[in-house]
């Protein structure tokens, strides 16, 4: 049942009116409010997951699209493009409408103690409100603890690039994904994946921002460029991973890291 | 909606740091162009699709019979139509022509039309009465930097690929018969030389003032910039050359100044790439011709000698 | 018609490395603009007026980091022998306008005037070759008159190639028959801020053409500098007298 192709107009391979099983629907599935029947709305691979007792099931369609539509609780990477009043304007994707990130949506932020983000900087944030009719809002607080929780500014020592939306989901949600494991065999890296298709990555130290400090530490410029090169190589590798079969993975990895 | 891309500081710093260490983000050398991938139409004459990295374009050549301009009765007409729509990149507006679009179209036109790369007199049928009018429609499908180089290459390729139907003049010049391509072999255009545009982008990692005063010369020159590189560049120059070592067109529309020596150096260095691209056009067309003849079960006639 | 005689004389009696009569005036329209100039390069005559730096009329023109430069180019109907109406949207005009805007964006210290616009109005009264060069020189002078901070002069001139010999500062007739290179040079350096070549020249001849063009633009720079200093002296003497 799971893993087969489904196209809008097909009927779902499940009986939604079966009252025995409680159905939860995910992306790509639409429930008609009048008839209560569910239909697929995106073309993709259908996924049906039932629990062992067969009392609940989860249905969604795994598909790929270019446009990212914010959903509440998505973890995203955005670029700060401006300030309006007490909020930052953040862009989640090129050529899209900017979303808002309130200056108060940071841990310990007050009217006086504001975060200091500059235009062009990147943040890792959670979509706190996504209602189509009003502006989408982000926040940089972990709602359960009220602390930072890994959100906030992504510093300039890492590189940012874009990938397909379904590849970002694959990296983020598939526990069996081998792409990052393969990469880990080559270099040490830190990564942040936004579900909006932006990836922030840093191998080793990434790039040193202040030249003076790197000289003081006695690091030679060559060592510095090695981290830079491997970060770029990792980015190239991940970009290529979107289009290749699993067999040629090693070859692509070798190619990307050729000059490092 | 924002009509322009936002380049994050992360990308910018990485890009500049990498440049300083002599690396480009896509691991090309500074003077390396992206490999063009060519699709020639097998069914028609004069339709070419070109993938220049991820910059993509389609070129269509068409011919019709018209009356020549009165002041030039012996010359055919040749037009290049440059269509840049928001399909290729939302930044390019559908309605009005932005300055960038005009510059791109102008430079391609200067490189190909003004330099007489097409022999206009060979397009004459009856002097003052009827001539061929060759129209090239250049459609950009996807933008990832460097429309000019890709566009110029694509147009030259399409001109080589195109063939106009054969004609015969009857009744002592009163009438002309246009023969169907299936009836008689169509005739290729007579292309006099192949201009190749090369765009160099400049970056100045140092101080702007000392750069202008000419105190330090540590600018970096990149050939064939992609979108990210074009967004961050501080100046650019388009050099158009052909393989006869002729400089056809030079255009530097502002941007940071460059040293005269650098200009000479870049032009001489470009010759190698010009030779290679010209060779590539010839090679691809030759191969394509051979395939087509084979398909038509015809003997391969010497190209160019038949007219 | 002989463009370059064996004795080394051109149509108008110049030698190969001589520029045409170059006249310039600064502050020609003191009441109607913030900076103005008038130049004659042979029979090419241009008036330039600069307004600003001032607040932009459209908010979209304001750039938070630097000044926006806007060039308006008007070519008079009577500027050529044949009277002809010219539209501003002609591709050649748009190209020239954009080239000038982008050139001066670099040589003006735009970062000193954020959120402003510098409007440059050009009027071409008469054309006889070297239009782009004339426009560049006129803008340089007008910007100096307007007191806009610049790194250095931008002096421009044309040069062409006749057979083997390079010729400096072509007039209209010569421009028709020769390939013309227009260059703009920053001050007394060899830095080219503007370059435009529209017809074929052999690559190996480029160096010699560039060399005389650079020498020519240094000459133009000196002539412009003389005029600026002359005008400056008149002004300062008035200050002393008061």
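All chains are identified by letter, namely A, B and C, in their written order; residue positions are counted from 1 within each chain.
One rule holds in what follows: a contact is a pair of C-beta atoms (placed from the backbone, for glycine too) under 8 Å apart; a residue touches a chain by one contact, two chains touch by 3 or more.
Since this is a predicted model, take the numbers as computed values, not measurements.
J.: Starting at chain A, what is the smallest number of hops through touching chains needed to reach chain C?
T.: 2
J.: So which chain is farthest from chain A, going by the mean of the CA atoms in each chain?
T.: C
J.: Sort out for me whether B-C or A-B is joined by the greater number of C-beta contact pairs.
T.: B-C
J.: Can you compute the centre-to-centre distance for chain A and chain C, using the mean CA position of each chain? Integer Å is fine.
T.: For chain A versus chain C, the centre distance works out to 52 Å.
J.: Taking each chain's centre as its mean C-alpha position, how far apart are chain A and chain B in Å?
T.: 39
J.: In whole angstrom, how far does the Cα centroid of chain B sit from the Cα centroid of chain C?
T.: 30
J.: Would you pull the chain B residues touching chain C in the complex into a rising list?
T.: It comes out as residues 97, 99, 102-103, 105-106, 110, 114-115, 209, 212-214, 234-235, 237, 241, 245-261, 263-264, 267-268, 271.
J.: Show which residues of chain A lie in contact with chain B when the two form their complex.
T.: Counting only chain A, the residues touching chain B are 79, 81, 91, 94-98, 118, 120-122, 154, 156, 158-161, 200, 207, 209, 221, 225, 228-229, 231-233, 236, 259.
J.: Inside the complex, what are the residues of chain C that reach chain B?
T.: 91-92, 94-95, 97-107, 151-152, 181, 186-187, 189-204, 206-207, 210, 214
J.: Once bound in the complex, which stretches of chain B touch chain A?
T.: Residues of chain B touching chain A: 1-3, 5-14, 17-18, 21, 23, 25-27, 90.
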